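What follows is a group of structures, each given as structure tokens.
Two complexes follow with subunit A in common, the first pairing it with subunit B and the second with subunit C.
Presenting the complex of A and B:
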């Protein structure tokens, strides 16, 4: 029941998204615009500072993720469908997991373009340890999306949700960004600094566990009126 | 609780009255001399802030899961005190750092994690003020996440950078009472913690009055 509900919510979100590709396209181009803006801020005499590539990658993911979170739930609010979802005789945490999976798919599409783009623009050896990088992106995206989905869902009733979401999200996800940036930087250094990267990945995974548990725990009382 | 208020206020007042003399008579630290005295103000501010963090987190959990209105009043009062005492620490810290390190701000673990924690509770107050109806629950989740994420902030920033005097400075001082720093420090901490309790009681009382007034208005309109 739990898994089936979550997958149904995910399928619903993907079906809506596939029709117009609105969120994918807009957030993707927003992410690319972020990369460009930061490139112009950082690059001097044709050279980017050594750690610029991972920093820009994670900033672009965080910014476009915030935008995607806002848009996904705006859609639910606009057609009053979140109320319908909450009225359904389904476990509430399953709804949360469904929305979270949808968010992760969106961000994964973003990253699929961002990583090669940054590798191309900054000459960063992004694919030196592909599996490691994949783990970092997966763990970082999960942590960011877990908090983001919870906050965006609860902000849906608030008039000032557009500005409150980043205000709430960024201070809490700062450790995620630090782990992501420092870990990716360790992967990009030559030779690859594997012990450091493993350590950051371990902290990131611990944060995943805490964030997902807390979100599942608080979603139910939060969404009941 | 209300009966304890007056005696507590007297004790706190006395502690604050004698603290300047005790601090003035405390020995000078060998390398930092006079500027070390800000320590008696700075460390207790953070102690009071962390008291607030504990109260806010526990009260938020109680409010979210038990729906206790009283717990919510404690949570919002503690959050406001976190912002006040945190600001105290964030101002007194750079004043000392300018003299001791030669810079106002360093991206060191304690500064950064304290700043982030403080920002989370500023966000908490913003949500409550501008979040519209139902924002109390939302704010409660922010407080719970704030408390849960603070160890991660500490660990990640710690590995990222570090420069602040080690936290073990404080336990070391308390363990070696002969140096003469322990007495004034403990006294200042006690004064600040009592001040925190007093302000919390006052603020909770104010919140109770506000809620009672809101209920009266509703009853009148019906």
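Presenting the complex of A and C:
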């Protein structure tokens, strides 16, 4: 029941996105524009400052993720469909997991474009350790989306949700972004600083466990009016 | 009040084609006992006590801001009382959990439909969410809504009346025991109103508890079997409907 509900919510969100392409296009254009502007600012004669690429990658992911969070829950607010979801005889944390998976898929699509773009524009060896990079992106995206999905759902009935979301989200997720930046920088260094990258990855995974557990635990009481 | 019979059943037919993978329970009545709901300093409902029985069509009447939608939200388990309790056949919403939600159907001001999805996609999603056999139920629901030929059109292109009919089918697709309708006649033409009214009578005849919050006293007069009049969060009257609703409303609430 839990898994089936989460998959149903995910499939529904993806069906809407396939029809409208609204969030994918908005976040992609935003993220690509962000990377392009930074590349014009920082890259001189084909050389980017050290560690600029990981910082820009994670900033682009965080900003476009915030944009996606706002839009995806605006859809549930528009016809109050979140109330219909909460009324269903499904475990409420499963609804959270479904929305979270939808966010992760959207951010993964962004990252699919961002990583090669940054590798090209900044001359960064993004694919030196592809599996390691994949783990970093997966762990960082999960931590960011886990907190973001909870806060966006919580703020759905607030009139000032667009203002409150970044105010609540960034103080909690800045450590995630810092871990992502430092870990990815260790991966991109030459030679690859594997012990440092492993340490940051372990911290990110620990954050995943904490954020997902807390979100699953608090989603139902936070959603009750 | 707490001794109202409660029957835990897994075998009771919930809806045609259903897959009862949620442990469900049945109830014959719902009791609001001294229920209050406050939003900050605003008292949306104050110490309301009311019993709703199977077969009733209860008209929840009152002016704007009287507390009708708050009461519907409380009955739907979407809101928690500030004090007092709502019991469904002797169990609270917290005790019954998901198995109670399986038995509640809600149609509110907002229609709870995804405008980007088609009529068929909307009904299929909600049928699947309730663990029902969408392959069987959805075509029949589309037929009842008169939308079989528009089944694959996106909902954002529908008129208000078409959306309302679709939302009605969404709310009733799982054959709920407790049916909560907040302004169900909005945007419906005369023939649709009579179809919806007949549907509510059929639901009540089958033992469902039907609660209709409406401002349309003329429609309510011929439909409801009991009237609950609310104003400023207080229950002013709870009595059998016996015609002359407009004059009773006027004397209890004011001009109508």
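Just so it is clear, the second predicted complex is superposed on the first by the 217 of 225 C-alpha atoms of A that agree within 3 Å, B and C clash if a C-alpha of one lies under 4 Å from a C-alpha of the other, contacts with A are read in each partner's own complex, and residues count from 1 in each chain.
We take it that contacts are C-beta pairs under 8 Å (C-beta built on N, C-alpha and C of every residue); 3 or more make two chains touch, one makes a residue touch a chain.
Since the structure is predicted, the reported quantities are computational estimates derived from the model, not experimental observations.
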Original post:
Regarding the shared-chain residue A:62, is it in contact with subunit B (first), subunit C (second), both, or neither?
Top reply: neither
Original post:
Is A:124 contacted by the first partner subunit B, the second partner subunit C, both or neither?
Top reply: neither
Original post:
Does the superposition put A:135 against subunit B (first), subunit C (second), both, or neither?
Top reply: neither
**OP:** Please indicate which partner A:106 is in contact with in the superposed arrangement: first for subunit B, second for subunit C, both, or neither.
**Re:** neither
Subject >> Touched partner set for A:114, first subunit B, second subunit C, both or neither >> reply: neither
Original post:
Once the shared chain is lined up, is A:12 touching subunit B (first), subunit C (second), both, or neither of them?
Top reply: second
Original post:
So, A:207: does it touch subunit B (first), subunit C (second), both, or neither?
Top reply: first
**OP:** Look at A:164 in the shared chain and tell me whether it touches subunit B only, subunit C only, both, or neither; answer first, second, both or neither.
**Re:** first
Original post:
If you stack the two complexes on chain A, which partner ends up touching A:85: first (subunit B), second (subunit C), both, or neither?
Top reply: second
**OP:** Would you tell me the residues on subunit A in contact with subunit B in one complex that are also in contact with subunit C in the other?
**Re:** 225
Original post:
Contact residues on subunit A for subunit B in the complex?
Top reply: 147, 150-151, 154-155, 157-160, 164, 167-168, 171-172, 174-175, 178-179, 182, 199-200, 203, 206-207, 210-211, 214, 218, 221-222, 225
Original post:
Can you list the residues on subunit B that touch subunit A in the complex?
Top reply: 64-65, 116, 119-120, 123, 126-127, 130-135, 137-138, 141-142, 144-146, 148-149, 152-153, 155-157, 159-160
Subject >> subunit C-facing residues of subunit A, complex >> reply: 1, 4-5, 8, 12, 15-16, 19-20, 75, 78-81, 83-91, 224-225
Original post:
Which part of subunit C faces subunit A closely enough to touch in the complex?
Top reply: 21-22, 24, 73, 76-80, 98-102, 104, 106, 108, 110-117, 121, 125-126, 128-131, 154, 170
